[in-house]
């Protein structure tokens, strides 16, 4: 194993983490401001990917598709917020879980109805295709580097939005005291719709960006959703900073674990057993990480609890 | 749980006096029609029903149920089809784990099971049964084809990879069985994994001169796109599942040039196949996949047996099935001792044909291949 | 004077720059009612939180029957004999009056891990609970879900639950809040009897009740006790008058 | 008799009547469906102990359902393969006897719930939901990648396990068994609700601060309830495995957790017969919607949405009115 391979793997982990952050940020924002647990967040990720693939297929332009994914996911988020979600704020978590679980069924089967059961085609834009050579001679796909850049830029934008804009002030007020912002004369229901649509747009963006690397198909959002849960539990629910740190931690742990564990087991086990056991353990690693964080800090790394 | 659609083949045609002599047969098809993986089940069903429609045999009734790719649902559907619908023959299951859940119990109750796809090693060896026929292959076959052909494709130092589950392990074993080169890397990935950057980095660093993968469904799409983008550029080979008609469109040009082991291809040169591809495309507006071809062959096998034996005489019907006296879209087709096909295995290449991607045969990997488990089958 | 049942020594607690509790000491002796008064935001609730164990102090001690309980949690202090009522009624709304009080008896006696016995056919449990329900005058309402009680009834249920704990000391947070004049009068009579069972640390805004009941009064302003003494001493204290005038102007 | 008690009686009798009628009409599959209702209801009764009594929204109960199922496979496979279960430290044979398998499932479920609960209950609210979900996924991936019991293929038990005095292969006998276990679990849940433990748990759920101030620590109460809940759900898992004569990781997937929760909520959270009514409704929906369209899950989703938004309290709540404290 060379240092270069290790660096490349670390970059991969970073890129994976940054994409997880886009998912986790929306989830944590919605929970922080509205106190809502949204299982259907993964469906919005899927909506983004399908919108991007659909528009890119018709226009032949990835960037138009990307814009469409933002618009479609935000619109889907706003519609869902207006019709379903806003009836759930006053309910307990149980009702929220059930209603958003039902939304997953509606989104998944609805998408399958519209687009069929076959995976859609979405490819990386030609300008970003192929690898480039990094200092030190590492060949690394340009698109993945761009993803890291976009992810970090979105993170910076979110910090700015929450830290320095009027909307951000209201979001923070909403996190601190839900009753109080009504007293401040903020139109709460509009704020909630905007925050939900913002979270949805972030998920849709992630879906479209990742969709170009992966397979655009029904159900693609669910594994990511569960990872995003792990991220925000580790980072602390409601904390954007926690989501960023948690996401990168999960990305690195998962990527490096998958790579290093079989190697580590290989030092004392025959190769086929080592890869098999190593892979089994690697698939559980992030959950073990989560359990470890919980033992030390039940409220997550940046949680308030 | 069940998209129950009783389709009377030969719908309008009135039962003629001659046909009424034959014993009617009821077939229960359990396949995946909803959720992830539905495209495979839909192709299986469409292929099967195409043959049923063409035959227009009024004695054949088909009941189709959706297993949602859940083993427990499949088991309950099998119970329902056997207990309530009183079917004589079961078919249609796509996934090995579902087949393992359904087939032993069904054959133990004296029902016939004709596999349109899944054919796990346990059912080919110790668990074989006279009432169980695999029309498709034995699970290892397509991996074996890839392994046998790898050297021809210039792969002598292979990096091999599959998900960490039983079919994945079987696939790497199958590949290695006839592969004569060196394995420089062997990796098991998480089932359902969508990001392969880590594995691709390992491939790059391994010094391999070719890559074998078994990554069905969305996993394969993700890998191929990321692999093409990584610029590693080594030859890629796999079984047909990962590069079949239903998914290569989603891979786009990333898939062009990829080799895959198969026992059927749309361009396979025989009259039955040409007719099938033409009829399927006309009926459904898309090219058939391997699953559609297996479904089509299965229905034709069943119809051929119906023509010579009555289901009320299981021994005669079993013999009629075993004779495999039908025009397979794979050309020559015969059953081996454990009721699995003995057939030629090919290697295909993904090519672009105008607007669409499809597969083209580039060579024959093995001739008259049976399977590795025949010796264990005491039947 | 006998030894205090509850003693607070030099408690400090800051939230950032805000000194919520600033060097507070006080005692509660057998048989007395010690009233704690102060304007809104003076830190009364924080102090109660520190005494009950919901908050941990930066410095200082809480002693119960002469034993240092500063490091113990809420449940341990309750088991050691501290009963508190809540400013905003915190009864289990889905349980009946009887069940709520039975729960309090159970807390004092243990037995919460008996899984298959019918709680309400346990005579010892219901008997003890009914005694307290009779005392606060909720006998006729015993099967009503606590969530359906009127406000004043809920305050009385709070008290019945505190009584059922058979405590060594009561900490009552505004037991008369929101009660009408009649209710307040009844409550005053009840509290007057209670002091013989265990001393009461009483936080209350109803000054008439405080002046009638209290043996001693401590005045908390901005986290500090600015005055402590008998009713007469406090009435005459100019500092207290300023503090209260200030508050009235605010209201 | 109170309205809810009457309703419960009707539900219990209806569930009993279906398989008897099916037997008379020679529709054996209806018996299988009724058995599935009884077993899923049992899983729901287990979840309801955590959810209804303890207020713990666990989205990871598939873990215990699966543990129960796998316990069945672990105990029954050695018999099928004529091998001992283990040879070290003591030699132990497997078993095909349901009572022993149930005991194994209950113990394994309880131990699993103790481990997961002890960690998860350090948190509450939405953290708890996500953490139980994540632990469930962890077991799911473990089951998929661990080769010993079939991995993702799962493992088939060719002959249903036995119960002294009954022919478990007869659908009606097996239904009777599942029905009896369900009734026993309902009785247990009923006693639990009225016990001092249930009282303390209800208090801890409704007024946690108050209960602590009464000297009762909610953590241990909740953990005990979670362990009981996991044990009952594991028992359901063992029965479900026997119904299908098959175990696979899909029993552990988070969709299973979601479905168990859905049927509890459909019937009515915290209501004794809620899981039974919910399981019956769920199976009926699945059966009839499935006959209408390939996209039946879309309609299932819409119906679920309608129920959660407009028919709070589930089926029992709609039919019997809101819950009253039982004195």
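The chains carry the letters A, B, C and D, assigned in the order they are written, with residues numbered from 1 in each.
Going forward, a contact is a pair of C-beta atoms (placed from the backbone, for glycine too) under 8 Å apart; a residue touches a chain by one contact, two chains touch by 3 or more.
From a predicted model like this one, the values you see are computed outputs, not experimental measurements.
Participant: B-D versus C-D: which interface comes out with more C-beta contact pairs?
Facilitator: C-D
Participant: Quick one: report the Å distance separating chain A from chain B, using the average Cα coordinate of each chain.
Facilitator: Chain A and chain B have C-alpha centres separated by 35 Å.
Participant: Take the average of all CA coordinates in chain C, do the same for chain D, and state the distance between these two points in whole angstrom.
Facilitator: 43
Participant: Between chain A and chain D, tell me the centre distance in angstrom, where each centre is the average of that chain's C-alpha atoms.
Facilitator: 32
Participant: Multi-chain contacts in chain A: which residues touch at least two other chains?
Facilitator: Touching at least two other chains: 108-109, 112, 276, 279-280, 283.
Participant: On chain D, where are the residues touching two or more other chains?
Facilitator: Residue numbers touching two or more other chains: 141, 144-145, 147, 295-297.
Participant: Mind pulling the chain B residues that touch 2 or more other chains?
Facilitator: Each of 34-35, 164, 169, 188, 190 in chain B touches at least two other chains.
Participant: Which chain pairs here would you call touching?
Facilitator: A-B, A-D, B-D, C-D
Participant: Considering the complex alone, what residue numbers of chain A touch chain D?
Facilitator: 31, 35, 37, 84, 87, 93-95, 97-99, 101-106, 108-110, 112-113, 222, 226, 229-230, 232-233, 237, 276, 279-280, 283-284, 287-288, 290-291, 294-295, 298-300, 305
Participant: Contact residues on chain B for chain A in the complex?
Facilitator: 34-36, 38-39, 42, 164, 169, 186-190, 192, 194-195, 197-199, 201-202, 204-205, 217-222, 225-226, 229-231, 246-247, 249-254
Participant: Under the stated contact criterion, what part of chain D meets chain A in this complex?
Facilitator: Against chain A, the touching part of chain D is residues 51, 57, 59, 119-120, 122-123, 125-127, 129-131, 133-135, 137-138, 141-142, 144-147, 254, 258, 261-262, 265, 269, 295-298, 300-302, 304-305, 308-309, 312.
Participant: Can you list the chain D residues touching chain C in their complex?
Facilitator: Its residues touching chain C are 188, 191-192, 194-200, 202-203, 205-207, 209-217, 220-221, 224, 228, 323-325, 327.
Participant: Looking at the complex, which residues from chain D come into contact with chain B?
Facilitator: Contacts found on chain D: 27-30, 32, 36, 141, 144-145, 147, 150-154, 156, 158, 171, 240, 244-246, 248, 250-251, 286-287, 290-291, 293-297.
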